[in-house]
Structures are given as structure tokens and as C-alpha cells.
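Per-chain numbering from 1; labels A, B, C and D assigned in written order.
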């Protein structure tokens, strides 16, 4: 078979996965068909319900990118303060990092050579 | 046909070069003829690359000597060592070549309409084809100095292309940062080459690998080469220029820049495995790669979640994905001196890393192209101004979903097959690496969901009511890459057996590379 | 535009710079030098013209379009010469032994024979053409740039 | 030439590289930064050219060879290639800096930047 990928522990076969996925989808569809049948199109049933309030315009309704994952950034505020610090956008700092990392690598390689 | 295959390594490099200088005179006469020339030459190059790949899978390493009386005469009569320019194409090089040929063709097709409204298009295609030349040269050369020359060709043309749209300040800033970083990295590579030449009087990689000693100067040269190439690749903490340059380039160029990044990564692997393979202090260098790889994965993805500019956000993801490759290949390098461990999981780890290069080269340009399509439609890269675009851009949405699922490693897409190879082999080396990898994968999915929601989902916004889906050539370019993703998804084992394992073996087997140059019987 | 003395001297010197530049290009295969060096010498003359006259004046004689075509031609000649040897190998020096630039040079101290080198002198000319056109375009574009004018496509 | 120590050019190259890295890292003016890159290139080129030096060697010109050793021609070819590449790099950098100055009205690497984070 050209689809089986051996990874040492187990194998991975996308064809089997897709077949399993299709089977699960068929079962899901089967359950879905057993649901309510009174739904009517183009009536109040299909409209957005927002606690009985007026639904805002399309421009206001969309959740913009700045508001997504607010809690995530709030929790990791400390981390982001630290990680944003080197991202200065100044070209001189970029080269400073290069010199520093090269120096560290040279020192590590030389010390590792001495230890032998 | 046989002659074509014999000469194909140099033809692959020279045909884009020839076409690059033909675009200007032809473009002055007719735009259509110029576009046809670009597409036809790149298609022909792609055909040659595949023919060469087939030849290499049958006959092994392909050697080409420039200017010799016979292309396989590496050491001229009367000389002890190879002195001519030698191209040496093995399993790893040709895999990179296949990637580069597909992506550059897709990028050229994408450019046809993406930059259709700009001035100076003749120059654009000249630079694009020069960049193709530089990339192929880096991948195919068997000579350290040529590596430097082709690296500079790719860098200079890349920087000019990043700054191609001169109307806004940020493109100039991105191009400037890119060229400064490339120039300094290139000069450090040259310095390291000088250090090696001073001791051995050789420039050929195979011949150097035979005599290299790992003295103190060699260690300094190794560190310089490794870190300079790593900076060009965008390894944290040397990644700072990466989003600045990648986010402002025309989207087609950003897709190609990702592959030049991989070419630099290939050069770093070539230096570690082939040039220093016999003498390297493998665990130390391997751990350096692993530590920086973990940092790259984690910092890249957390910075990506934070971004609000669509191209910048994808650039940070490119950085993060590069970390997987460093970790995979780094683990393989760390156990290089131990044949038992290498056979148990080292080879699988290297294969996983290389397979991830192939997969990343398919889905990341696709995602950049969709980002470019969003820019084409809305005229902005700012995600806060977007919304509800799925109503108008149906094809782009579907292609974006394919790319997203693939980059996040959702089964059954191709990102999953390479990530599982990395996870399961790396787990036996150190479980922390796998755990970090999975966390990074989850964060990747989370951030792409965020971008998907803010750009495509939601009701149709009033400012984007007008407008059509992006032009056909852009869709076709994205389709080519999506077709690649689907093919790798369905036949992962075929790809691994045919392309990835030969590439991994080419890296591990230093002797074959040396023998191909020095002419000893393998 | 500088004074009349400077302009006259520039005009006179331009001839010598051109001759010297072409000498370096033509003897690239015998003495130190070659296409890039000779081209750079000639472009130094262009820079001198640029200083003596101003960039607007020079733009009238040095057309961007012509420079572009010259540059592409130089590159194309170079690549064509490299391709011409592909019967044996790319970049093969197929002119050695032929009547054109084909003589084998003598070893030891000798005055030098210009009729040697095979394709190398031809490639030097191609590179020289490209460098003259390319560097002049760069210098001219920057001069126009700093005087606040864009170079047109 | 015998009275000059053999490694004198290497010290000069190291000095050039050190000074140019100082300029590139600490000078905020973009033109000065470009000068730093040019000096770095000069330092690396000096290093390469001095690699090929052999004490008492003649210039490697075919028609000019006397008896005795020649200096090595390969590093000179490498240096020449490197010089050509650096011409292109510097021209490109200067063009971009002109554009940056036009758009932002500043040559300071802190004030002229648009992108960060």
C-alpha cells in the first residue's frame, strides 16, 4: 500500500481515516434526520435571536480580531511583556542579536571541545 | 534525452538565468510574450527537475563539472584535487529542487495578475527569475564559494523584490532590513569559507569533508556558517527581521522567500552533515539546534497569536514551523555518532524534519497566497478591518481552510503525517520536545481559527459588498499548491519512500557524497 | 552645472578614460583586469560627467531604455557563450585551438599575445558591456533620485 | 616586505571587522550603517586577499612569471567576486535608504521604522 506511513510506534493511513470519518458522518447524519421536522424557512424562526434586543448592523455585529482571545492575553500578560521587548523593529538590534548568538555558539563549541 | 539529463543540473540553473535577461527586450515588445516566456521557461525547468529526480533515484548522485572536457571529470588531469565549479545533486538537493520548481512556477502564475497594476513589470520578472537561479544554485552546488555567490544572488534579487512596491514606506523598510541582514550573514559565510580555505586550500564540499580536522578555527567557521544560515532562515532570536521583510513583499514573492529560507536551512544541514559530518561534535551541535528549535517553535507561535496584520501573522507562523524542522533534524544530528540510536529513531527524526520541509513548502506559500488574495480584495493587510469575506471569496476561503488544517496538523492532511513522524521519533529522544510540539500545534490551530473568524466569518460587511473573487491566475496558482497538499495527504508513504528517505540517507551518508567527487569506488 | 573650465577638461579626459577602460577590458585575459574592472573605470568617467554637468543634462544623452537593452545584451552574450560549449560541457572553452582567440600562450616572461584565451576575452567584453550599462544606470538613477526626479520605465 | 610580520594584515582585518560591527550595532544613522556594512565587506576582503599571500611571491600573472613562488590566485578571484557582489548590495541599500528618507523624512533607524512587534 502506498498510503501506510510507519512511524516506529504505530502506523498512519489517511485512507482508513477518511473511511472512518465518512462512516461517522453517515451516523451523525442519521441522528440529525431524526430531529424536529417543524422548522420553517423564511419565518421568524430563522432570524437571529439576541435576548429580544434589536440585532445590530453587519458592521457592528462582527467580532473584530482585537477582541478575540482577550482572556488568553490577559493571563499571559507577563510573558508577552517580556517577549515583546526584543521586538524593537530597529535594525541595529537585529545585528546585535546575531553577534551575541554567534559568540555564544563559538564559546559553547570551544568549551565542548575542551571537555573532550 | 540522455544528453538532456546529463546536462540537466546546469540547464536548471542556466535556463532561468537566460530567461531573466530575455524578459526585458521581449517585454518591451509584448507583455503577453514575456509572460509566456516566464511560464514556459519555469515549466520546462520543472520538467527537467522531475526528469533529473527520476535519474537520481535510479543512478544515484549526479555530478556535473563546468567547463570540463567531460561533465563527470571532477579532477582535471594533472591535478590532485577538484578545482573546477562542480554541481553535485543528491537525494536531498533534488528534493529541495522539486519544492523550488513547483513553488516558483506557482508564484510566477500568481504574479501574472497580482502585480498586473504595477509599473516596471519587466524588472519584476527579471528579478523573479534571478531569484529562481539563485535558489537552484544554492541547492545544487557542490562548492562552498558558489554557495555564497548563489546565496547573494537570491538575497539581492529577493530584497529588490520585497521593495518592489515603492509607493509605501514599509516595503522600503522591509527590503532594507532584509538586505542588511543578508549582506552581513553572507559576509560571515564568506569569512568562514576563508577560514576553511586558509587551512585546507580547498573549496569543494566533498574534497573538504575528506580532509577536515575540526581544529579551533574549524569550530569558529562552523559556528559562523551555522548561525549565519540560521539567521537567514529566521531562527529565534535571529528572526526579528523575518516578519518585517515577509509581510510587506508582494504575496507571490513571500511564498518564494519561504523557500529561500528552506534553501538556507538546507545549506546549514549540508554544512553540519556533509561538510563536518565525520568530525563534528554531534551531540553538542545537535542540542544547539534543538534548543534554538524549541525556542523558535514557541516564541514564533505565541507572537503569531498576538498579530493583527494578516501577512505578519503568517510570517510568525512560518518561523514557528521552521522550529519543527530544526528539532527533527537536530535530534537526528545529536545521535549521528551512534548507529544503533540512529537506526531506531534518528533516521525517522531526520525524515520527519525533511518531510515537514516539503509539507511546509506546500501549505505556507498557499497561505501567503490567500493572504495576498485578501490584500488584493480589501486593499489592506489589517485583520481588524476585515470580516465576512467568505461571502465573496469562495475559492479563497476553501483554499485557506485546506492550508489552515494542514498547518495545524489536523488529520488527515499532510501536516499531520510529518508531525506524527517528528513527534513519535523525537519522543524517544526526549519527551519534552514532543509535548512542546503538540502545544505549539494547538496554539497554531487556535490562532488560525482567530484569523479565519475575523477575516472570513460573520455577516457581509458594507465596505466589501462590491468586488469580485480574485483573478483566475491567482486561483490557479493556489490550486497547484493545494493539489500538492492533497497528493501528499493521500499518499504519504509513497512520498516518504520515494523522496524523503533518500534525502535523509543522503544527509547521513557522508561517504557517498565524498566518493562522488573524489571518484573513489563506493 | 560646474564652470566652463571643468566641463572642457571633463570632455577632454573622457576620451582617455574610455581608452583606458577598453584597454583593461580587452587585456583581461593577460593582465589584471577584465570586464568588471574596465567597466567600472568607464563608469567613473560617467560619474565625472555627472559631476561636471548635472543629471538632467546627462539624461538627455544617456537614455534609460538604451542602457537597459545594453545591459540585457551583455548578459545574453555571456550566457550564450556559456551555452555554446554545451556540446561538451556548460562553459566549455570551445574556441581553444580555433582561429579566433585560439592560440595557446607561451609560458615564462613574454610580452603577451592578445589572440589567446578562447571565449574568455569575448566574455570579458560581454561583462564589460553589462557593467558599463548597469553601473551607469545605477549612478544616473541615484543622481536623478537625489535631485527629486523619478527615472521613468 | 620581509620586515612586516606575516599576520599583520590579519590583525588589520580583525580590527576592520570589529570596528564595523561597532558601527553597525551602535550608530543609528542609516547611512552610517551602510558605511559599516561596506567596512565589514572591506575587512572580509582584506582577510581573503591576505590568505593568498606567500612570502616573496610574484603576482600570479601568466605573462609575467619569474622564477620562484607565486601568490595564490584563488583568494584574489574570491575577493574580486565578493567586491562585485558588494557593489550591488551597497547600491541597493542606498536606493532603499533614499526611498525611506523620502517617505519618512528621517534617516534615524529608530524614527524611520514603521514596523515593530
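Before moving on, here are some points about what is shown:
Methods note: a contact is a pair of C-beta atoms (placed from the backbone, for glycine too) under 8 Å apart; a residue touches a chain by one contact, two chains touch by 3 or more.
In this text the structure is predicted, and so the values were computed from the model without any measurement.
Of all the chains, the one whose CA centre sits at the greatest distance from that of subunit C is A.
Looking at B-D alongside C-D, one finds more C-beta pairs in contact between the chains of B-D.
Averaging Cα coordinates per chain places subunit B and subunit D 28 Å apart.
Per-chain CA centroids place subunit C at a distance of 23 Å from subunit D.
A straight line joining the Cα centres of subunit A and subunit C is 55 Å long. In whole angstrom, the spacing between the mean C-alpha positions of subunit A and subunit D is 45.
Annotation for subunit A: residues touching 2 or more other chains are 84, 87-89, 91, 95. With touch defined as above, residues shared between interfaces to two or more other chains in subunit D number as follows: 24, 30, 33, 113-115, 117. In subunit B, the residues that reach two or more other chains under the touch definition are 176, 180, 184, 244, 303, 306. Those chain pairs judged to touch are A-B, A-D, B-C, B-D, C-D. The touching residues of subunit A, when paired with subunit D in their complex, are 84, 87-92, 95-96, 99.
On the subunit D side of its complex with subunit B, the touching residues are 17, 24, 30, 33, 37, 40-41, 44, 47-48, 51, 72, 74-75, 78, 81-82, 85-86, 88-89, 92-93, 96-97, 99-100, 103-104, 112-115, 117. Per the touch definition, subunit A reaches subunit B in the complex via residues 1-10, 12, 14-15, 17-18, 21, 57-59, 61-66, 68-69, 72-73, 76, 79-80, 83-84, 86-89, 91, 93-95, 97-98, 101-102, 105-106, 108-110, 112-113, 116.
Of all residues in subunit B, only 7, 10-11, 14, 17-18, 20-22, 24-25, 28, 64-71, 85, 119-120, 122 touch subunit C in the complex they form.
Those residues of subunit D lying in contact with subunit A across their complex are 21, 24-28, 30, 33, 109-110, 113-117.
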